[in-house]
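The following pair of complexes shares a single chain, chain A, combined with chain B in the former and chain C in the latter.
For the complex of A and B:
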């Protein structure tokens, strides 16, 4: 079929006019039938939720006397969050665990560490850094720093299991689920979800407890070794403790700005 | 053009095979699923959203809940009627609907969807709370 240039332009012009005219129609129909968020429904905070702009923890190592004290914290945390206990050490999931001063503070440890520090273990966990390298490494924003209170959180739904965050974290605070964790949880806490194979997990500063007005599980059973509070509030217990005592943080030379302080 | 017969026969067989599922299942529409409500769900009387809405929109609601709860730290959802609920699949939804096999699974199987919520969220939350 032969078609003149003039004829072609006419048809093209007419089609464009029809297309443009149809758009408002289509939009009107889409708006009428599409999903509409219920406008009246709203979300809110729990009335008892604890508020802070920068959560932090202070570990008073002077109060640590035995490994059992730290064991108690680990148990409380792992029970609360359905952390499995795997036999194979390379598969093990850790949210909070005990380590020696030399390992926690490799650059501060000298040949002559005080006798007390030499003989005790320290509880270590995610430091909820001010400038978290894991967050920068995460390609899906599954791990993110909550702007409101500085907690470095994990959204397990989004984690694709690439483990870049594990490589990025200088504290080894993150664990990967190489296996389905459910069979290895002794007693499932049904109020908190478990994880599935292929996601990374770590300490979340008990975000789910703070949201309902409770302190972290480890702090509650720590016999005063752990103190939790708002660093931005000069009246808070953590601020007071840090004002009165000399405290160190892990690997500060890396510029991550940890939120867990150790009074030594 | 000597293979006309073969080609036509082949085409007929092909058409028959391709349409087999349609005429085999003719007049045998799968019955729509019936969900079983637990005593607790019955006692509650109403869901977070009206019945029709929750039936078609629950996945979108859960998606919003997930982001709001996990990422924004808001934990309470107040519906259009002004009733407050904790935004939690494990502790709110599955607390009433603790019968996964007779509730969630029925429609999901019918609609041939396979959500994996239960890989992490326990389908039978704490009793008697």
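For the complex of A and C:
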């Protein structure tokens, strides 16, 4: 008993000494990693960064002629964002994909859709809602709406994979990594992170490209079908397009306020 | 009191070994899921919640059902239930352990689970669900354990328990209400988007929970010296009767609203579940079985002769339990996700590993239940023994 008591005191004393000795060290590390009131380093804004207060996408369905056009957008997006190509239908991940008018607008579809709409596919993606139900549902703020420009973003490192956001999204825009996606990425783009299994992902309106002055990948290859811009700027191309043309949005009756418009 | 769990018959240990074996195999399967990802389940981007979350939802109900013995005893001073409140409370504990495990096995990144605490998000219903489930677990452990200990010592339980007991009653309602709110507040899911979802959850909970409790009472009477009592079982049977009728009634209200309004977003899910949609209907036989079981049990429970016959009552309770389990454990979750938001029909069926992990969680729950019931029953037997010796001596 006596021995163990003595040993305990020895260990306790030693730990206290280590604790005291370690303090400056801990402070140094904390300072180095920026855990202090004023950060030592700041990320400089790229001089060409595209800025807006309300990003929006306009899809001009009149310009869609073939499935290949949409296929090109899908390919550009999935390549840019390291989206894997999984054989198993259940595990598949989609950021942007082609669907029929009846599926994109299930409550607006009539028996007599214009012949053009009946025959083409539409690109669908995350709508970057003004009032996003996914953000409301997320229990960790892993998905959030960026205050500056309304883009609904994901923190892949914070997501716990509860998939509440997937149940909440009324557009089926979210995918889950049912397995490690990395072996299924044909060519890894080092400019954008890959994901790990067990987290949710979706279209991010190419925030990483906007930050360096580039338009979203899908817009670039869209032959003018997609237009991207600031809705709050009345002079922007999207504002002009919407002023001159009648456009619809998906499931507006749900009050989500989608930022993707379809000119029909 | 814990020592009472260490002295048991061969049957007691045998049961624990069997349950432990199932849990062990399931744990290995879970390690496989952890390594591969949730891709080993039947889930997809269209049906993103399945068997795990459905079991969780059903078991929240079983946990809440325990209040049906606590409430009459403590609020209405219905003395007969004093004998079995502990069984309701310990059933709630075991159910909640299963609920929490089901949430854990459903997470894609379980190691990050504590993010829910690190980044508390009061606009997410999951945040409140975490609070109410853990709170209810805590209340039932504290109340159940202390009241049982007092009973063992032949004293009245400590006065500070009283507020906790009263608190546990609305808390039981809250756990299933919040669980329903997980679903019924989602804008794009017509099947769940109904104000009656929480009341319907509660009705099915107050049917399935007490039905299981009756079966457990009958088992305890058969295998131990403790008799929960005929009056107690009959009173529970009446509760089950009212609750299962309310459950079916609420469901029919849903059917009416969807069917008469004929709004596709609402009717399509019911059509899928009961008749199949676009030629796909894997759940159709299950749903009709569930309806048949619930309606059949209502007849057996309403007719006094069949309700009073304990053999028939056991069958009715099994029917209620299985019927409610299919309704919530299979239909409710899948039904909400099919058809998907783009009106495509992609069906879901659990895979073998998924079923194995599910069985394992149930096994863990029943291990907890067996141990807790063993302790409770031993205390009851001890007390009865003391009484008997007193009577003999006197």
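Quick notes
Heads up, the rule we're going with is that the second predicted complex is superposed on the first by the 222 of 264 C-alpha atoms of A that agree within 3 Å, B and C clash if a C-alpha of one lies under 4 Å from a C-alpha of the other, contacts with A are read in each partner's own complex, and residues count from 1 in each chain.
As a convention for this text, a contact is a pair of C-beta atoms (placed from the backbone, for glycine too) under 8 Å apart; a residue touches a chain by one contact, two chains touch by 3 or more.
Everything quoted here is computed from the prediction, not taken from an experiment.
By the touch criterion stated above, A:148 is placed in contact with chain B alone, chain C being left untouched. With both structures placed on the common chain, the touch criterion links A:46 to chain B but leaves chain C unconnected.
Shared-chain residue A:207: touches chain B; no touch with chain C.
Set side by side, chain B and chain C differ in how many residues of chain A they touch, and the one touching more is C.
Of the two partner chains placed by the overlay, only chain B lies in contact with A:191; chain C stays clear of it. Once the two complexes are laid over each other on the shared chain, residue contacts for A:248 go to neither chain B nor chain C. Contacts of A:215 after superposition on the shared chain: neither chain B nor chain C is touched. In the superposed pair of complexes, A:175 makes contact with chain C only, with no contact to chain B. Under the contact criterion defined above, the residues of chain A that touch both chain B in one complex and chain C in the other are 196. Per the touch definition, chain C reaches chain A in the complex via residues 36-39, 41-46, 48-49, 103, 106-110, 112-113, 115-116, 118-119, 121, 123-127, 130, 182-183, 186-189, 264-265, 336-337, 340-344. On the chain A side of its complex with chain B, the touching residues are 35, 37-38, 40-46, 49, 144, 146, 148-149, 153, 155-157, 188, 190-196, 207, 211-212. Of all residues in chain A, those touching chain C in their complex are 88-94, 99, 102-104, 106-107, 124, 133, 136-142, 158-164, 166-172, 174-180, 196-200, 251, 254-256.
Against chain A, in their complex, chain B makes its touches with residues 49, 53, 57, 60, 64, 66, 68, 70-80, 84, 86-87, 90-91, 116, 119-122, 124-126.
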